[in-house]
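Before I ask anything, let me first share the structure, which is written out below as structure tokens.
Chain IDs A, B and C follow the sequence of writing; residue 1 opens each chain.
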Amino acid sequence: MKHVFAFLAALVFGALVSGQVAAQTAPAAKERVIIQVSTPEQRVWNQALNYVENLQELYGKDNVEIEIVALGWGIGMLKFDSPLATRVADSMKRGAKLQACEVTMGRQKLTKQDMLPDIGYVPAGLGQIIRRQKEGWSYIGG
Amino acid sequence: MKHVFAFLAALVFGALVSGQVAAQTAPAAKERVIIQVSTPEQRVWNQALNYVENLQELYGKDNVEIEIVALGWGIGMLKFDSPLATRVADSMKRGAKLQACEVTMGRQKLTKQDMLPDIGYVPAGLGQIIRRQKEGWSYIGG
Amino acid sequence: MKHVFAFLAALVFGALVSGQVAAQTAPAAKERVIIQVSTPEQRVWNQALNYVENLQELYGKDNVEIEIVALGWGIGMLKFDSPLATRVADSMKRGAKLQACEVTMGRQKLTKQDMLPDIGYVPAGLGQIIRRQKEGWSYIGG
């Protein structure tokens, strides 16, 4: 009888503790940051790209996942004629994901031919930001 | 003895699993999004109203709760002479809540007579945004 | 046998319930709000300082911790020649923390001599905002 008790108590305790430990250590594994760019100001676009550099310096390039979502008034950052084309390419080479919102592209009648090469696309920029927040990513406004 | 063990193990396991399942499915029930509008730029106000349309198309009108809180420099969006009066009314007809911050109204000596008809009011815009975040709503900056 | 069962069931039930209660009451202890200031517009800086007053009126001065992080284009808010020097000092006297981002200071070759007296410093503004979000603070965009 005592063995059964000890065994079950250990089982319960172990399950609860391991759940807690998992909850505490899981987010520490890798930082994950979602950045919203939704304004037309070039200084905001530049700043978002600075954020990529800063976050990689802070955490180490391999310890942080960064996604910039350009939507609404921010879509110009990822258009073919973006004044930041070179910096955008650099950020992608560094490992950041730059995602254009296809809802915005539809509203502005933009196709992938109008956009910078090699960027990513998401069906809906807001949906992506919401999904990432729910997955535990940190949110940074533009 | 073996039956007791099996029963208890099942109880523990069931409790833990159901807790996990609840945690994973509860937020999926309905998307909930709080949008902060705190700048005086009309393009930001327009964009916030675009967000309502986009989110309802994305999730389905009945599957998402949307609240726009206008505060500080953003309060003009909900004033009687708002250039977006028609779009604001449309968004409310679609089911979005548009909430004016009464702290801001007090600072600017605005009464409900100065505001668009049928909008909602919150005692403090910041307090509402904070409360919603704590309730698990996703946050979108203006 | 029945005693063992009852004891273990109570143990499991108690552990689960106490976990839930802790999760619900812990965040209510004190409101904690992190405010990002990353634009050069003086009206945004002023508004962030309004937020301090509003939050303290809303929750009571002793029931809310407020941190404003100035980074990127927002660093001017905390520079020696800030047009808001007096209001910044007032906010600090009220108990809010105003933190300058040292990454931004490095990029702009600013030293602590270039900054307002008595402000705080964080090695990286983004890192601070991310850390606070993960600690459960509410996030307010600038």
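Points to keep in mind about this one:
Just so we're on the same page, contacts are C-beta pairs under 8 Å (C-beta built on N, C-alpha and C of every residue); 3 or more make two chains touch, one makes a residue touch a chain.
Owing to the predicted nature of the structure, the values given are computational and were not obtained by experimental measurement.
Under half of the residue numbers at the subunit A-subunit C interface are used by both copies of the sequence. Matching CA atoms, the turn from subunit A to subunit B amounts to 120°, rounded to the nearest 5. Separating the CA-averaged centres of subunit A and subunit C is a span of 21 Å. Touching two or more other chains at once are residues 1, 4, 8, 12, 139, 141 of subunit C. Here subunit C touches subunit B in the complex through residues 1, 4-5, 8-9, 12, 16, 27, 31, 33, 43-44, 47, 50-51, 54-55, 57-59, 138-141, going by the rule given at the top.
On the subunit B side of its complex with subunit C, the touching residues are 1, 4, 7-8, 11-12, 15, 19, 36, 38-40, 72-73, 103, 107, 123-124, 126-127, 129-130, 133-134, 139, 141-142.
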